[in-house]
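Right after this note come the structures.
The following pair of complexes shares a single chain, chain A, combined with chain B in the former and chain C in the latter.
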Partner chain A sequence: MDGVRSRPIWAFLTGPYALFLLFLLLVPFANVAMYSLHPYSPTKVFLPELTLDNYRKIFDLYYVRLFGRTLRLGLITTAVCVVLGYPLAYFLARARPRVQALGLFLLIMPLMVSAVIRIFGWIVILGRKGLVNQTLVALGLEPIKLLYSETAVVIGLVNIFVPFMVLPIMASIERVPPNLEEAAQNLGANWYRMFRRVILPLSLPGLISGCLLVYSLSISAFVTPALMGNARERMAGQQIYDEVLVSFNWPSASSLALTLVLLTIALMFGALFATRHASRRDIAS
Partner chain B sequence: MSARAPRPLLPFVVGAYVGLLAPLVVVVAVSFGPSVAFEFPPRGVTLHWFEAFFASQAFVTAFFRVSLVVGVLAAVLATVLGTSAALG
Partner chain C sequence: MPRSIELEVRDLIKRYSPQISVGPISFEVHEGEFFSLLGPSGCGKTTTLRCIAGFEALSEGSIRLRGDRLDNKPPHRRDVGLVFQNYALFPHLTVFDNVSFGLRLRRLAKPEITDRVGRVLQLIDLVGMESRFPAQLSGGQQQRVAIARSLVLEPRILMFDEPLSNLDFKLRIQMREELRSLQRRLGKTSIYVTHDQSEALALSDRIAVLSHGRIEQIGTPSEIYERPATAFVAEFIGSSNMLRARVVERSDSGTIVQTEAGLQLFCGIEQNGAPGDSGELSVLLRPERIHVEMPGGVSVPGQNRLPARIAHVTYLGEDLHLSLDLVGGERLRASVKNATAARSWASAQPVEIIIEAADLRLLRR
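== the complex of A and B ==
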């Protein structure tokens, strides 16, 4: 009875958001999928016949290298985020409430500043006469070219995405009661062994969701590689942007964009499957 | 007494925060510097660039007439859509 009566209210409340998603996400996405199946035309955007050429082209050396570079930089960014983020997450999860509040504030605050502004900061630090090179010259060393390289892109991406790694890991470490750590150490485990057998396995879900977030965000990044990288070693986001707005090859850009989305989705399912598998094995043993 | 993270982790924590906050500190410091180019550390302290911001019609319009208005509208719309979807 109650369910029947509340249904119109439910539709009324969720309806606007559902319509919003339908018209501003699904319809444009379907449109992109449609473009990707038509040949490019310089005068009419696309020709009416259907083709798979846009996808075949992705196996050209140039595009294979583009995706290879994108996935590789995403992997490096994720790895650096784990190395920097895990200790930070552990520290915050076990810190006194006041230290934790301050630490979280310092972690979240940069998210409220536009990526462009933080990249300007990096340009000042990494530039030809920037802070790093000034220091190197003062120490009597040769200045190095840092900005507009893959290294700079990774630095920028790590800077922007590290909070997305820390927050899920911190949440899962917080759920591990501290007396589990004490029990393990009382029973004779040293810190390293305790970490490997207690904290690491129990924080694995947070670690995996952090890695997925950072990886999928960094392979689809556009602003950071565009401002801190160079045009020869570009990432997929820059290529898509150029094909949409510079060469106006919308069918090709659409096929690249869909490939990127499919790669991300495949990755998500792969990780989901891997965690299911891992937890089942844990229960079995 | 609850468990704390072990001390050897502290360098990583400090390092992560330095990396996270360095660009912000640099941008704020550079905004008070007298130079036209990005220069860090700045050679002096001046409010010249803040004056220039408020004196520029283009910047004032972009910030007060466009960015602020768009931001408020986006926040209102997101709150209404998000809250109703979460309730429903």
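== the complex of A and C ==
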């Protein structure tokens, strides 16, 4: 009887999605991994012999810079999202239900607009004769080059990814009863110390999930850097796209893609480990 | 001997909207006193407490701690400890870190922190629990940590917001007694908010009974119970029989009133604050002050002796609750001890009830 009870019928309902993941994610992924271990051939896609050359090439200055830039822009985007998103998450978590619903709607709205339209909007604002520069000129200042730069890429990425930072932080702050804040104040903590000793540690799980989400989404971004950045200062996604669809070097593109995935996974585990370690030490001190 | 005033609340008014407001409320709490704010939910007792703690701003009035204005200080500078209803322990901190939270904010040296936390944990019987997290403690233990966390800072006043309401019945009684003896030992001025009248009666030196944002009466537990100032206090504290009546005759020896059903009752010489002859009155009679006997007794001056019939008996183990129908059709509730004589009471039995004149209290309606 126990065996029957421990495998309820709904467990089988996860089957379709498991199959979906297996055939549309794991199998192609294995295929990509296979490509990355073969040499490039202009005529036959790849040659039937094993090599690590595709990975060795990543240590070329060009690719080191590419990944460095990708990870750096990812970090900057994540940091800006934390700075902009945390206060918003706190406000929404503590807002009255109506204000919260309206706020969430406004927060999610940019995600409902197609990427191309949203980016076109940014081009109108940041362009050479865009809103920002017109304002600067009207104030008697020199126009600045904003569009097609790293700054523009970060602005574009922050614009889409802030909700992914706000939502998990908000969820974890909502689970902190407001009277913990009052208790801390009653014990002599001003707002800043209350925040640092109570709200921040208790919202840490949400903050970590938010950072990991935004970071992994930013370093694998493609459309935003392609449309708002410039071709020389590109991110890894653009390089992979070009090697797949422009130079048809699938083995090289595969090795880049795998490196990106492995870097993401490694950084995620690193972040998780570091924060767990930090929070444990915080509790012990 | 009048003790010095520790906390003075003067004409406190808190307006939430034009329709909803609390106050004006005024009271004083003396040094070392255990003072309770008692009332049903929505009466303003928690609002008053939150105003003292600084979580709500007053609309009008003042709060003074030893003569110093308290109401314009931020909550973290008030030196007024508060034990929350659901304890509000920090779930990410151990018992030790919860209790030392305030001491560390005051940047005390580590040995002093350890020493003071150790002493307060000893006082509150939590030694050995230092490294546990709140989720690993029972409700009663969490309650103690919450008290210890406030107590360790040695605040001028310790305040409790319904601290026992989340505990089960037996633990509640036990914690009530511990709280009482702890407060007596430390002599700490305390303000206690509750809707449970038995808690307020058992713990307090004085009680303020609140209703609809106003104080109905302030007094010692026995004053509140024996001589309620208003019908609300009488009905809220303990159980009561309330009969509508009017004065028939007043004399030096007492007052005779007539109830709506035509029953004449002789009441003792009226205490201070009794309502005048005019207008409708209520007669208060506590269920445990009704003596039930077999019919045929002899009346004594100063007593009311009335024939009645037992409508039904509720068996409660320690006590019996009797519903009694009087001749005029009025019904009284009586509470008698479950002693040998009481075991013979049964439904439909004719009896006589005896009410001492001094046990009847007249209240303005």
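In this text, the second predicted complex is superposed on the first by the 269 of 285 C-alpha atoms of A that agree within 3 Å, B and C clash if a C-alpha of one lies under 4 Å from a C-alpha of the other, contacts with A are read in each partner's own complex, and residues count from 1 in each chain.
Note that a residue touches a chain if its C-beta (ideal position, glycine included) is under 8 Å from a C-beta of that chain, and two chains touch if they have at least 3 such contacts.
None of the values given here were measured: they were computed from a predicted structure.
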item: Partner chain(s) touched by A:P39 [first = chain B, second = chain C, both, neither]; value: neither
item: First, second, both or neither for A:E182, with chain B first and chain C second; value: both
item: Which superposed partner A:P143 touches (first chain B, second chain C, both, neither); value: neither
item: Most chain A residues touched (candidates chain B, chain C); value: B
item: First, second, both or neither for A:N190, with chain B first and chain C second; value: second
item: Contacts of A:P205 with chain B and chain C, given as first, second, both or neither; value: neither
item: Footprint overlap on chain A, where chain B in one structure and chain C in the other make contact; value: 179, 182
item: Chain A residues touching chain B - in the complex, by the definition given at the top; value: 9-18, 20, 83-85, 87-88, 90-91, 93-95, 106-107, 109-110, 113, 117-125, 127, 130-131, 155, 158-159, 162-163, 178-179, 181-182, 191
item: Complex contacts: residues of chain B adjacent to chain A; value: 2-6, 9-10, 12-13, 15-17, 19-27, 30, 38-40, 80-82, 84-85, 87-88
item: Residues of chain A that touch chain C when the two form their complex; value: 177, 179-180, 182-190, 193-194, 197-198, 201-202, 279, 283
item: Chain C residues touching chain A - in the complex, by the definition given at the top; value: 53-55, 74-78, 80-82, 84, 86, 88-94, 97, 101-102, 105-106, 149-150, 153
